[in-house]
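Please go over the structures that come below.
In what comes next, chain A is part of two complexes: it sits with chain B in the first one and with chain C in the second one.
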Partner chain A sequence: MYTYMEYLQKCYYKSIGWNEDNIYSNITATSNALLEFSIPNGIKIDNSNKTTDYSASSFTLSNQHQINGSLAYLYSSIPLTNTMGTKEISLQDAIAGFKIIEPVLLVNKQLNSNLNSKSSSLLYGRMYFPGSALEAMLIKRISENTQLLIKCISNPHLEKNGTMIVYLQNNKTKYSRELIFSTNELLLGVRCLYNLGSSLNSKINPNLIPKFDNSVVSIGTELWYAARTMSPGLSTALRYSTRSTSTGKPLTMTLAINPILGHVSSTYTVKTSVASTFCSKYDFNFFSYASNLSLGFELYSYSRKKNNLKSFPIKNDLPPTNTEILNQIRSIDNGYQIKPDLVSSKTLNNQAVTTAFQNLVNESDFSSVLKVSTSLNDKMMKLLWEGRCKDILVSTGVKIALNPTTNTPEVNRLGISFSYAC
Partner chain B sequence: MAKESSASSSNSITKYQFTLSDESKERILKVLDYSKTIAHYGFIPFVLYLGWSATSNKPSILSLLSPFPSA
Partner chain C sequence: MSFNINWKQIDDEKLSYLCKDILTTALNSGKSPSILASNIIIKDLCFGKIAPDFEILEIGELDKDRFRGIFKINYEGDFHLTLHTKVHANPLHIYENNSIDSFITPNFVLASQEFAIPLDLKLSDIKISGIGIIVFSKSKGLTLVFRNDPLDSIKVSSTFDTVQVLANFLQKQIEDQIRDLFRETLPTLIHQLSLKYLNLDNNINELTSRLGNIPNTSSTSALKLDDEDLIYSAKNLQQSLQLFKSRETMSLNIPKFKNIIQRTNLDKINKISHYPNLLNSLSSNHSDLQKYQNHHNNGIPIEILIDNFNKTDHILKDISSIQATNFYKHTNKDAPVPKRRTIKMKKKSKPSSMESTFVTTTPVSEVTQPATPATPSTTSTKSSKIQQPTPQRVKPQNLYEEFIKSTQTPPGYDNKVIGVGLGNSNILNFVPNRGISTSPIKTVKSQEKSINYIDINKINKKLNQIKEEKKFQPGINHQDSFGYGGIFEFTAPPPYKY
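And then the complex of A and B:
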């Protein structure tokens, strides 16, 4: 689950038209959300309040080893009017899950509509108690497509009083570039991501674009150099995201390679229905021949309030189109034949089906989600339940791992967290 | 002769070298230390001030500080 401050940062990005999916570090965001989700440890209480449209505050208490807490404040130079409290927020926005990658054209349109917020900024500070460590972040938009992001941790008890990392990001619809500098090991980095395919001009009428062309292929790479230890780093990744033409269900495939460490990681994630997603990941190292298979899924359950469903006009349209598509292929005497009268209607329905599916996902009213992930080589299993109880978002989970020496299952992590925001 | 040349070479070095007395070195370190502390403890009040100044109706400091919803 995102913290309220992370959620506000996402709302800020949305209101300035900054496309986070176009950043190299988010290329595996979907599979990370399904497999690498974190389990709360101990009890944690988070209470947040959006004081005004420009500022918000948050207070956190947790009992990890000892009782500790933190106070956070956020300032945005543009009014954050598109935010919601935990009472009415949709779970899809509050929890990291399947990310539908938008084709270039849609993103382009979104960016153009937000040209007025050219030089906006966001400041965020969090102080931890006891110890008074400071976590600070600054986002400053330099031009329409460029922003400066500075993250910093200041703690008098840390070596050199903490660390700082500076990102200079240039994000365009076709490509994105990043220059990174970190004071830790004097790390220098360059990242870029390029969206393959013909560039779609926003002047073209969206209706003229082929209806099946809603896939995105992105290729990216990163180069690192640690000046203090003189050690280099390199990785490259490919992401293919598309939607099934018949059912409109989105799927994402990624392939990430690190030639220096000899690591290859491939993932396949598919949204199997409106309320479920399945993800698999296969890791392989061609130096050590070690491999690992991870599987994960998430299941949403609908809210019991039936009156909310009436507000979805698409809900009533989808079932007939779905059944129509399923019946296109009918069995005749041990063989299958495509119904000729339905094929033409399929092409007409393609766009409608994909948008209907996406709208259904976005507008469904879910009350809770169950996430399960397992890894065969690590011999562990993670279970996480996140949902809404009254107006509070609750997240509880457990991580069970097999002890390598005694071969008995052990509880590694167990916790519950409550968060309330208004 | 040899003495002279060594003296002149040391002179040429000091010409381009910016020597600091121990006192001023200490002073600079102290100033840096203070500025670090000010940045550390002043960042959150700065964020709060920006939030306060951006809002047109200037909310009270208490409502800005408190993470709990005001009734």
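And then the complex of A and C:
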């Protein structure tokens, strides 16, 4: 579950047209969301409020180390008008799930021209108590496709009282590049990601691309070097994201390799129905012959109350007003306008099938989701239930592992977290 | 002053297990460093066969509660220790684990994957030679300081030996750590351990000083203990101390305990094994003689010779050699060379049987040592009634003559040998110049009397005879059939009534 501040950051990215899926660290985001979700530890209460379109504040309390909490503030230079409180937010936005990889060539251009997002920035700060730990973040857009992201923390427990990390990111539709520097052990990193696929070819009129040919292959690599300890790191990854043409159900396959350690990791994620997703991951090490198989799935459940079904807006020719486009920001498909007379009805059918599924997913009113993840080598199972109770988003989970010495299952983590935002 | 260290005792399985347990818990306690991926286990621990050389070179101060000295320790043995653990080979994984907040760690995609390599580390060929100072005081504990760096060399080998850089790194690190151990950690540890052990001691000392010079044990009941750590009752301790002290001295004042009947430690005296005697020495050579352990006296039971008469010569030779070595060990060179007393046994009217040949080779002593009341272990078939002798005061004259006259070889000794013991045998025993004491001497005539019976008349007659024959001179007269070193006058030995 995203905290409210993370959710606002995502809204900001969407508002300025920044495609997060194009960043190399998110190349395995789908399988991570299904397998590596985190279980809350103890009791945590998160209370947030968006005071204006430009600012928000948040207050959290948790029972780690007796009691501790934090207070956070956020300021954005562009209005974040598409955010929802926990009462109305759809679970698909609030909870990390299957990420549909979409080329956003057109959306980018349209949105950018409309918004004065040339020099937008986001400021964020959080203060922890007790103790005097602080964290802060600055996202500054330098040019159309370039942004600077600076994160720093100040903590008297650290050796130099704080650390700062700087990302210089260049994000275009076809590729993205990043340069990272951290003061902790003087870490230097370079990351890049390339997208391959016919739908990304800017020379072809995107309106003529048939909708069924929407598979995207992304290849990326990262190179790290920690100067103080002289430790290197390297990995490459490949992601293939596509949609089934008959049913419209999306699937994503990734393959990641670390050549220095000889480690290979491959994942396969598929959305089997509107409300369920399955994922499997296989790790193998060429030097130590160690292998691991992880399985995970998530199941959504519908809410009891009657939801007003929205009609598929494919045939609707919505005027591209500011508010309309911003309101439809959840389902990117809806922002994609096709004039019916340009395409044949055949393609329209296919189009209908492939997008219908996605629309159905986006429009469904879920009330809760159950996530389960297992790891065979670690002999561990994680259970997480997230849902909405009244107006509050609740997330509770447990992590059960098999104790290697006594061979009995034991609970490693157990917790519950409440989140309210308005 | 050097010490002999009994290193073989350490090579005990139980001690080895205990050491391994303690070391494993100690190594895995506390926060493990981030480079280790699993616990440290001890694969092998062997103390070796060679003991260290420990020597005290000089003693500066030696007192009841203080000691100061210079010592030297050398070790060049084959002690070795093997540890097994797993190390993280991916430094970025360690980076990710160490970073305090996930907010500022970049999301590594597989670059920070965990990769653990097993590592075996073996320490061997430790050479230690150090000179240091030991200072001990009861109030401050024990401190031990090395004057030089005691570690000469140590060999570190691991699974990373093929990687020269890592091997050198490990060698240097471990050498440094062990040098630190000897110079800093070891003195501190020993000091703390000594303080811990002395704490208990201090409590008891404090207690006795508080009790003062109370001779009576009964007055300690009013004592109140301030120190709650003391687990023993002060009163009982004081009483035990008194009892212990009284046994060490000849004091007749024995502290009394309620509801307890006290006996002195008899087994100290009675237990054969505590005092060396002839039977024990014999049985060390002839293991089958152990069944003759006689707890009641120091004599050798006659069954040794009767039952094993095919080994008689052997046994007799052993007895003779044991007694000879014993004598020569305890006398100085100027002492006169003693001679074996020979007793010729005359068989008179008794038919000599097969046993008599055995008997003639075995002399019988008519004189026993005063300290050993020889209880005859055979029963004479001829003597049916045994009268217990009773002591009687006798006139001092002519006693000796009567004694000599009256003594003859009692017939009872013809066929049977009563006892062969330290004081019993004349050929094998050298009785130093001692007086005549009670002895199981029997007169020929009276068969009903006990073998402890002495016919004083005969003795006196004989004495008088000898007195008349020659002048009594204090000197050595070897012709005497009794083999005395000298015939001397003495006043009455307590005779027995007859």
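Following the convention adopted for this analysis, the second predicted complex is superposed on the first by the 357 of 422 C-alpha atoms of A that agree within 3 Å, B and C clash if a C-alpha of one lies under 4 Å from a C-alpha of the other, contacts with A are read in each partner's own complex, and residues count from 1 in each chain.
We adopt the following convention: a residue touches a chain if its C-beta (ideal position, glycine included) is under 8 Å from a C-beta of that chain, and two chains touch if they have at least 3 such contacts.
All values reported here derive from a predicted model rather than from experimental measurement.
Colleague: Which holds for A:Tyr124: it touches chain B only (first), chain C only (second), both, or neither?
Modeller: So A:Tyr124 only meets chain B here.
Colleague: Give one of first, second, both or neither to describe whether A:Ile89 is in contact with chain B, with chain C, with both, or with none.
Modeller: Once the two structures are laid over each other on A, A:Ile89 reaches no partner at all.
Colleague: On the A-aligned overlay, A:Ser77 touches which partner chain: chain B = first, chain C = second, or both, or neither?
Modeller: A:Ser77: touches chain B, not chain C.
Colleague: Could you figure out whether chain B or chain C reaches more residues of chain A?
Modeller: Of chain B and chain C, the partner in contact with more residues of chain A is C.
Colleague: What is the contact status of A:Ser55 with respect to chain B (first) and chain C (second): first, second, both, or neither?
Modeller: first
Colleague: Name the contact category of A:Met5: first (chain B only), second (chain C only), both, or neither.
Modeller: In the superposed model, A:Met5 contacts neither chain B nor chain C.
Colleague: Looking at the overlay, does A:Asn161 come into contact with chain B only (first), chain C only (second), both, or neither?
Modeller: The first partner, chain B, only.
Colleague: Check chain A for residues that touch chain B in one structure and chain C in the other, and list them.
Modeller: In chain A, no position sits in both the chain B and chain C interfaces.
Colleague: Within their complex, state which residues of chain C touch chain A.
Modeller: 89-92, 94-95, 99-101, 103-113, 115, 117
Colleague: With touch defined as at the start, can you tell me which chain A residues reach chain B in the complex?
Modeller: Residues 47-49, 51-55, 57-59, 71, 73-75, 77, 123-125, 127, 132, 134, 136, 154, 156, 161, 422.
Colleague: Enumerate the contact residues on chain B facing chain A in the complex.
Modeller: Touching chain A: residues 36, 39-41, 43-44, 46-48, 50-52, 54-55, 59, 63-69 of chain B.
Colleague: Touching chain C in the complex: which residues of chain A?
Modeller: It is residues 24-28, 135, 151-153, 155, 157-158, 163-165, 167, 180, 182, 184-185, 187, 189, 220, 222, 224, 226, 229, 231-235, 237, 256-258, 260-261, 263, 265, 285, 287-288 of chain A that touch chain C.
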